[in-house]
C-alpha cells in the first residue's frame, strides 16, 4: 500500500523541458518512478531522457491513458494554469513544486481540485515519496527506505533530515509527504492523516510542523476526537523564532499571538503526541511509541 | 403526484412587499397555495395578507423550516442575488418571475443552482401551477383544472389560452410549467420532460414552443431516442414571424437560419409529435393521441 | 458598439495590440490627422456603422496612396451602408497577413455557458463558415465561474492550426476577448478577421454586443443609437422610444397582443384567415390602461394599418384596464376611421368587454370568431 | 500600500464614498491646499506611513482650527512614527459619527477561502477586539469563484447590528472591499474604523496589503518601500535588496540553512546548546555557488555575528555547490576573523566536505557534533 503514490502511479511531468523539470525527471527516473510523458506548450515532439513531450496534458493523457499523477515544475506565472490542465485531464494526484504562486491562484485551483476530486500536494513543496515504489518530487531518494513510518511535513529539508535520521536507525517510511510551506496548500496535516489512518502499511506517523497557522492544532484536535488512532510523534520548527517575522516563507509567521510554538506543542501534547525537541530525537520517540 | 409542485409545497415569496409581489401573494393564497413567509430586505417584521415578512431568506427558513419553494418578484437588479439566497437556504424549487435580468447573471445562478441541486423555473416566466394543489406564479388560476395533461410552455399568455382550451373541452392539467422566454432559463423542455415522464398522473404532454433557440429540436431528439414515451402534442408560435427580428423577448428570434418554425415543426413531426396549427386544435389532438 | 470602441476597450483595458489608427469625422482632414498620428498609406478606411455585413456592403476600402486616402474617405462619407451614412471613419494601418482566423464568444442556451467558436477560415461570416467549412469550427465551453483557462485557449489555437509562439499570442488575445465578454455582459464578442502575422495574432476587426438588460452596469457605454444600426425602421425606432415591443411587417392588419407567444400566434391566426399583419406589438404582462392607450394610439397612427386586431388573454394583465386604455386611445384621437376588433379573455374579462361594448367597440371571447369578424370588415 | 492609495482605489475603481481629503508633501502650504480643495477645519491630519498601529503611535491628529492645522502638520512632519518620518500627510474632513465598525478580509488557510471578519467594535486592532469582544466578531466565508453575494453582505451587516438603509450602504461598501481584495490579490483588505454616519457607512481608514508574489500582475502598484514600513531593520533591508531571506535577531551567532524549517531548527539547536542566534538566513532550495557566496559574505559583514553556523541538508541543493560558494566568499573577503562551522549532508555531501576541508573550513556530517564544535570556538 502506501498513500497517494505507489508502484501503480504513472506520472506526467509538466514543465519537463525546463532546468528543474528535466533535472528532476532524470532523478525520478533513476529512482524508478514510472514517468510516461512530459508536457511543455510549444515543445511537443521532443524527448527528455527518453520521455516523450507533448504540447498539452490532454494529448499526453490521450497517448498514455494510464497516467494518473502529475508533477508541476512550470514557472509561478503559469503554474495555476498547469494545475487546472492536470485537474481537467482527470489526473488524481497533482504535485505542485513551484514556489511564489500568488496565494489567490493557489486558493482557487485547490478549491477547483476539490470539486473535481483531485488531490493537490503543494504548492511550494518537495513532493511525495513512497520509498522503493515511486518518488514524485525533488527530495533526495537515498535518505529514505521502505518501512512503516509515515511522515507529513511542512518543511522540505527538515523532512530529509528527519527521514534520514529514521532510516539510519534502521526504520523506514511508508510514504513521506512534503505538504509545502505556503499559507494555502492543497493537502493539510489532517487531510493527509485521514489517508495514513486507512493505510495498513503505516504503523506510526511523524508530523513535522512549523510556527504559523493552525494546522498542528487541528491535527491535535483530530487525534483527540479519536479520528486518528495510530501513534504520532511530532517536531515543530521555530521554537526560538520571534513573532511577527516571516521565517523564510509566507506560511511560517506568528501573527496576533496565534501559531506560536508553545501553543502547538501544548495542543499536541494534550492529544497525547510526543513532541521532539530536536529532529534527532524522533527515531527514539518512534521506537518508544511503537513498543507499546 | 404532479411535478415539482404539489400540496406539500411550502412557499416563500421574495419581494413580497412590492406591488407585484403583494398582489400575487394575495392571488396565490386565494388559490390555496401554502405561503409560509415573505422576504424583503429591511422590511422584516411586517405582514402581507397575514404572511410574516423577514429580512433574509435564512431567517424565514429558520422560522419556517418546512419551506421548500420560493417565488421571486424582486426587481431585475437584485433578482440574481435573491436567487442565490434562495439556493443557499436550501430551497429545492425557485421560480423567478422577474424579467430583464442580465443574461450573464441568469447563466451564473442557474449553473450555481445545478451544483446545489435546486431547480430554477424562469426567469421571465409566469411560474408553475399544479391545478387544485398549488400555484406558484402569476397565471390566472381559474383557467386550469386538475387533470392528466402536462403543459410546458415558453410563452405565458399562450399557456393560459391553451390551458383554457383544454379545460373547456373537459380535460385538466397535472402540472403546467411556464419555463420563461429568456434565452437562458433554468429548466428547459427536455429537463421538464424528464419529470413528466416519471409522473404517473401525467398521461400526455403539450409542448408550447416558439421560434428561436433549439429547445424544441432537442425535445424531438429526446422523444426519438425513446427517453420520453408519453404522447406529445405541440404548438409553435411564430410561424409567420420574419427572421432576424426579436419578437417581444430576447429568446424569440430566428438567427442565422436556426430556430425557424419549419425546422422545429419538422423535427417534432419526425419524432411522431402532432403539431397544432392553432392553439385551439390542441384539445382535439390531445383526444386523438389519448384514444390510442 | 462601434468597431473603434471595441478595439479601444481591448487595447486600453485588456492590453491587446490592435492596429494603429485614427478616427476622423466628416470635414476633418484625413491626411493631416494621419500624419499627426504617424500613419502612412497603405491604410484601410472603414465606415463606423453598426450595420452587420459592413464589408460586403462596401464599407471597408483599401487606400494605397495619399491620393487614395482622400478619395476613399470622400467616398465613404457620402455612401450609405445599408441606408446608414457613417459619421465616423476609422483609418487603420494595413497589416499584411497570410491567414485570417475567426473567433467569437456567445452564450450557449442549452449548456448555459459561454461558448467560444473559432475557425481557421475567418474573413467570412460565421454563417458562411458554418455552411462552407462546418468542420473547421471548434466549439469550447467555458465554466462561467472558473473562467477561460490558458491551456484551453492554447488548445483551441492548436485545433485551428496554430503552432509554437503563435499559440501564446492567440491565447493572450482570446483571454482578453473572453474577459471583455464577461466583464461587459456581452451577448457577442467577436474578432473577424483575426489576422495571423508571423507569430502574432492581431484583430483586424472587433465587435462587442452588450446585453441591453445589463447596460445599467456599464454607464460609460453609450447605448447604440437606434437610427445608426440600420436594423430598425422609422416606426420601429418611434415605438422603441415609446417603450413598445413593436416589429414592422409587410401587411395591413395591425396586431396587438399581450405576451410574445400570444402576439405571434395572433399574427399566425390572421394569416390563417387570409389577412396580412402589418406589425407585431406586444404590450407585455401587467400593462395598465396608460400603456394600452399608448400602444393602441401608436397603431392607429401607424400608416400601414387599415384595421386593428387586438388579442388579450388576461393573466397578470387585467381586461378592464385594457378596455379602459383602448377607449381612451379612441377618445383622444377623435374621429378615427380604422376599425378595431378586440378579443378579451381571462382576468376581469366580462368587465372589460362591457366597457368596450358601451363605447361601441366590438369585443369577443373566442379568438376565431374575432378573427373571422375582422376579415369581414 | 499607503492609506491614501487604498482609498483612491476604493473611490475611483469601486465607487466608494470616502472622506474628502488633500495629500500634502513637506514644504507645501496645507492651508492653501485645503482651501483649493474646499476643505475646512475640523479635519484629521494623518501621517502616511506603512507602520501598523499608526494611530496609537501618535500618527493621527485632529485639527479644529486653521491654526491647529498648521501646528499638527508641522508636528507630524517632524515626528518619527516607530522610527519612520512621514513624507506625506493626508488631511481629511472630520466626519462626526457615533459608531465605529471593523471589517477586514483575509484568506482562511484551512478553508482555503476568503473570510470576512466584521465587528461592531471597530477603532481598536483586530487582536484587541479578539481579546476584549471575541463574540462580536462575525466570520463569513466566501466562495472565491462565486464571489460575495449581496445577501451575505447584508446578513453580516445585520449581525453587527445594522438596520434598514444602513444595511444597503454596508453591503455596497463590503462588496467593493471584497472586489478590491480579489482583484488586487490581497493578503489583507481592511477598513478600521468604518464609521456609521446616519444610514451610511464611510471608511475612515482603509488598508490593502498585496501578495508580493502577485505584484507582477499589478504594475500600476508601487512595491512598498522597505525603509518606510518600519518593519525592517537596516540589515534586513540590505538583505532583501540582495534577494536574501534574512531576519535579524538578538544574539551573536550567524545562522545559515537551506529551507525555512531546517534554518529555524538550526536556530533552535544553537539555543539548545547555549548559543544565541544573530539571525535567520535561508538560502532556499537549489542555491548555486554564487547565491551561497552572497549569503555567506553578507553574514560575515553583518556586524552582530561573531561566528557562523551553516547547516545544509542537500536535496535539490548540491553540497559541492554550497562548498564552492563558501570558499569563494572567504577568498574574496580576504583576511576574515569570523570562524565558521559547516554541516553538510545530502546530495554530493562528500564532495562538498572535501572542498571545504581542502580550504581549511571545518565540515561535519552530524549537526549535533557541528553545533558542539561551534560552541567551543
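In order of appearance the chains are A, B, C and D, and numbering begins at 1 in each one.
In this section, contacts are C-beta pairs under 8 Å (C-beta built on N, C-alpha and C of every residue); 3 or more make two chains touch, one makes a residue touch a chain.
A quick note: this is a predicted structure, and the numbers were derived from the prediction, not measured.
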(request) If every step must land on a chain the current one touches, say how few steps get you from subunit A to subunit D. (result) 1
(message) Going by the touch criterion at the top, tell me which pair is linked by more C-beta contacts: A-C or B-C.
(response) B-C
(message) Suppose each chain is reduced to the average of its Cα coordinates; what separation in Å results between subunit B and subunit D?
(response) 54
(message) Need the CA-centroid distance for the pair subunit B / subunit C, whole Å please.
(response) 27
(message) I'd like the Å distance between the centres of subunit A and subunit B, where a centre is the mean of that chain's Cα atoms.
(response) 50
(request) Quick one: which residues in subunit D touch 2 or more of the other chains? (result) 145-146
(message) Quick check on subunit A: which residues sit in contact with 2+ other chains?
(response) 108, 112
(request) Work through the pairs of chains, note which ones touch, and then classify the graph as line, ring, star, complete or other. (result) other
(request) Sort out which chains touch which and give me every pair. (result) A-C, A-D, B-C, B-D, C-D
(request) Would you mind writing out the residues of subunit B in touch with subunit D in their complex? (result) 41-42, 55-58, 78, 81-82, 84-85, 88, 108, 112
(message) Under the definition above, what is the set of subunit C residues touching subunit A in their complex?
(response) 146, 149-151, 154-155, 158, 163-165, 167-168
(message) Per the contact definition, I'd like the list of subunit C residues that touch subunit D in the complex.
(response) 145-146
(request) Enumerate the contact residues on subunit B facing subunit C in the complex. (result) 20, 24, 76-77, 99-105, 107-108, 110-112, 126, 138-140, 143, 153-161, 164, 181, 183-184, 188, 208, 210-211, 213-215, 218, 235, 237-242, 245-249, 252, 256-257, 277-280
(message) Under the definition above, what is the set of subunit C residues touching subunit B in their complex?
(response) 107, 109-110, 112-114, 126-127, 130, 143-145, 182, 185-187, 211, 213-214, 216-217, 245, 247, 249, 257-265, 267-269, 271-272, 277, 280, 282, 284-286, 312-317, 345-347, 367-368
